[in-house]
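Listed below are the structures to be examined.
Shared between the two complexes below is chain A, which has chain B as its partner in the first and chain C in the second.
And now, the complex of A and B:
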């Protein structure tokens, strides 16, 4: 029999987390594939504080144990995230799976994590001794390496309330359902007074972590679309040099080609 | 007798399966049953220098080749497949020994503690490097040299196909139960008498000393034709040694890595064309047989007999070889060698048509055989060949001709479309004289005093609906309610040998025996009496005898026919292809239960599309198959081909029940040709391999030579 805890409040969950060696279980759609009877699981699906979606002045706050299905039904969640979530796995898994689990699993193929990168989301990490906010890109330290202490839980995903303007989300899976991403792309671009005020291009499933190059994005910041178009080639070649995919279920060359194609397409659609 | 035989009824095993009462091998109580776990070779080829065992606790056993009471060779076609590995191992997965014990975790621990010292030997991992030919056949007709000399044009191309895993829902599993006077083995299987033959031999026992029972089986697709014979021998040997029941149920990884799959192929075609017609084909077929011969001989036979496709080729030379590699033995999978060669012949016909500026479907039709024409083996197509009518039907449903012209115009933009077609047949039943010379099927009906009738045959319902269709036939002839017909999972102590559940033969051949038996019973029916009638296979009179040594005569009594059209849309940014529609027109004679037939056609067609597109499996440089889970071996879901339309055409076969012909395998056979044909039109490049992945597509789009 597997050992487990099933707390109903965050306080209780954090206490268990601090006092025991437990594996947080938020949906479990990754964990149950490699179920290990020697582990002790901390089931988070009954923790009320982690199941809601609400907004405050700055953020849309998504509970880490909130299911994908609930995210799809929410009126607060931005469409780009819904686009990504709607293509995750299949209905049965979307009824169980959560963003907290997706992010906490540490994979660069996590579709909801990719969108978090593009939207500059933050994670709320909590423990018995308090809470801290971490930028999503700081949270991922490397392949399966996370900035998360043994006594911490991801409790919320915070998405800045902003007009994300034009966006593009594209997932290449091995098939049309129940497919792990082979390459994925999320891009957002917004203009203020005719100038690019925000741009984000994130690439999933091609390297150990999601790739986003903020230095390269700066090339476009503050530019008009016409000015951006003029330096598009430089922009694209800079990405071409920076994206170094790893080989996986598809070749490096394939990943590279698709990343560049999707980036180009996003720019074209954004009139660049 | 007015019931329409094609009308659909509740499946005979519906209630049992839906209620959960049906027992699969994994459902049997575990009390008193020992767990068996196999130690598989981790080297592709090696001499076993030493096996270091941990201390084996009481009640646990290690079982290997020295424990086999009879012959350590599994009775399949030839004698090379060992029950447990001999001095050398020949592929990664070769079963070296089995650890058996009462506690599963402890059994697993012991297994992991075993150390095998291997002396590695050179291994053949690429089919192109073969040095051992398991089987080689040659046949032909006409004057091929003359035809090539006189040809307007000669085309030579090579085609390659990959593995395909059966991916049945239920993995391989078997339980051996020693009885005082015999060994009983039951489990997941297609062919109880094949298993019996193998266990009798391995146990060195009399036929009475072995009983084989099929448990409810969760899919086979050919994967449970030969492999269960191996596993049954292993559990029987283990159960004998332990003196207790032993159960082995493979986990998915073990099943995917170490059990048989479709033969990868390499086919070279040289084709002569004169005045727009095919005049000669010179065909060289190589199948990757893997480490042991298992079923390669018969798979190759069907493959090469089909290699000239549905076409009239008066001058023909065919050479077929099944070669050894140090990889998992290849085996039976729906279509049995034919999907590989049909892919090759359909592609070269497409390429020739393209070169000649002709529509491929019309070009194929113009070259197709007609009733009375000779088969590849100089037999005769005795019955009408309905391809022209089927082409019209599928064109009306799919809009093929119009789309083909439309998509031929230069396409721009992100998405490019293509539409492809294929024509094919399935030679119904066993190849050649197998039924007459080897199988000699016997079927029985047992009427009980209460008027119920039990069907006694060795064919297994593996999901394809045999219990239902057999029962319908018998009920129909006896004018009995369907509910009065009893059919259980076969038990070799109770049923005669009506042959294996393979080759799309069961309904056509055994169903006809049951029909005749039912007529016999009807004519001798006495109310209240216990009666048994028996019917034996007789070869139809019209057949031209087949000689396997010459590949001459009627290889099959009749043929099921198919025409496929597939339409795709390729995303030029990602190389992903979307199937806009898949249409299949199939002639399997009279459908004995239309729902069952439609299920077979849709499922088989989807399997074929998977084979052509996303089902990638390959051995790595060490000979290990890495695609051993469903996240690494991708099979299609219902979301991948949302529009899949099946159109039935009925050309009755007089020697099948009510005109039925073999159905099960046909729908898989033509999918690769139609899918790749569509991809070629979208990409405007010839393609010579299947599956064709998004990675491959991207290379074409980038102008990389494949």
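And now, the complex of A and C:
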């Protein structure tokens, strides 16, 4: 029989990861599309430390092998993430699929990764020699290129505990269930004393990684909604210049047009 | 680890083949459970649905190694139950079956809807079967059948 690993503790999982050439398998729903029978899997679905959802003073901590269904049931998880997760695939996939797997697969179409970009989430990466935290946007280096060493595992997704204020999540696919995003958008906007204190606009399934332009977001920071509305056209045209989609299952032109529509919809919903 | 032990339709079984093999293929080819249908092998159609530890999953999306210690029910095991008898009668009563290819998966999806919500709304039924594609009936008859089963099988779920 070919070797396989199904550890029940994180310590055991990290040791196996460091000593063997293995492919980490959380929910399997991305990996099994290709189903390469020559791979040696490190099954993470029984590792207790990676299956729960906890909170500490700063973060909601979602175990990398926690299923979408558990995320939907959790009272700790912010609604924007639940909105995204509830539109992923269908129940039978949500019973298996995980955020850790979705992110580790490296696709810019990963719906849960998109929300992580909008919420400034961090990833905890662990190995036998220790753990480190990485900002989600620094984790994605390019198409299917991740800042992750051969001996590391994504162990947790950390969502800052903050009031994200207004949010919009849009997924454009070919059908309601079981759809791969053609374009997706996650936006948040919060106000403090009547002024915009945080804004994030993230675009998924458009380029090699999720797109977010922090420099452009700064145009609105510190402004009232009325002041932001006054420069809305400049804001939108700056995005129009910055978003350069790649061709995929759908054309560049289509993706670009949908991105701009979704951005405009988010701004309208935010009273800008 | 050198074997994969699990409970299949109530019996303890052992698998010593490739841990990276798809559960779908093993169920059909090794265990000859051909009620588990193969539609797409990419998690898009639900024809291969089975119940693992009480949850609906697509068996094409599962590598054998991940199910060590699990309990699996396929349509062959489920059709021995009183709940199945109710669903069977309800599906037949409104002609919810045409070609039948999606039906083993659809019936197990219905079981999971009713196990979670014994008296589901139409929306809850539609979400529950949203991963199971049927190209014949247009779904209305199937949704109707599941509603009827919820009424007729009152107390079973």
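Annotations
Keep in mind that, in the parts below, the second predicted complex is superposed on the first by the 269 of 272 C-alpha atoms of A that agree within 3 Å, B and C clash if a C-alpha of one lies under 4 Å from a C-alpha of the other, contacts with A are read in each partner's own complex, and residues count from 1 in each chain.
Everything that follows uses one rule, which is that a contact is a pair of C-beta atoms (placed from the backbone, for glycine too) under 8 Å apart; a residue touches a chain by one contact, two chains touch by 3 or more.
Worth saying up front: this structure is predicted, and the values here are computed from it rather than measured.
Here chain B and chain C are compared by how many residues of chain A each touches, and C touches more.
Residue contacts after overlaying the shared chain place A:5 against chain C, while chain B stays out of touching range. Contacts of A:239 after superposition on the shared chain: neither chain B nor chain C is touched. Once the two complexes are overlaid on the shared chain, A:254 sits against chain B while remaining clear of chain C.
Within the superposed three-chain model, A:265 lies in touch with chain B and out of touch with chain C [touch as defined at top].
In the superposition on chain A, contact of A:69 is made with chain C only, not with chain B.
Legend: residue contacts after superposition of the two complexes on their common chain; A:178 is shown touching both chain B and chain C. Legend: residue contacts after superposition of the two complexes on their common chain; A:140 is shown touching neither chain B nor chain C. Contacts of A:29 after superposition: chain C is touched, whereas chain B is not reached. Of the two partner chains, chain C is the only one that A:41 touches; chain B does not reach it. Taken together, the two structures place residues 90, 176-178 of chain A in contact with chain B in one case and with chain C in the other.
For chain A in complex with chain C, the touching residues are 1-6, 25, 28-29, 31-33, 35-41, 43, 45-46, 69, 89-93, 95-96, 176-178. Considering their complex, residues 90, 170, 172, 174-180, 182-183, 249-251, 253-254, 257-258, 261-262, 265 of chain A touch chain B. Taken in their complex, chain C has these residues touching chain A: 1-3, 16-22, 41-44, 46, 49, 55-58, 60-63, 65-66, 68-69, 109, 112, 127-128, 130-133. By the touch rule above, chain B contacts chain A in their complex via residues 414, 572-576, 578, 614, 631-632, 634, 636-640, 693-695, 698-699, 702.
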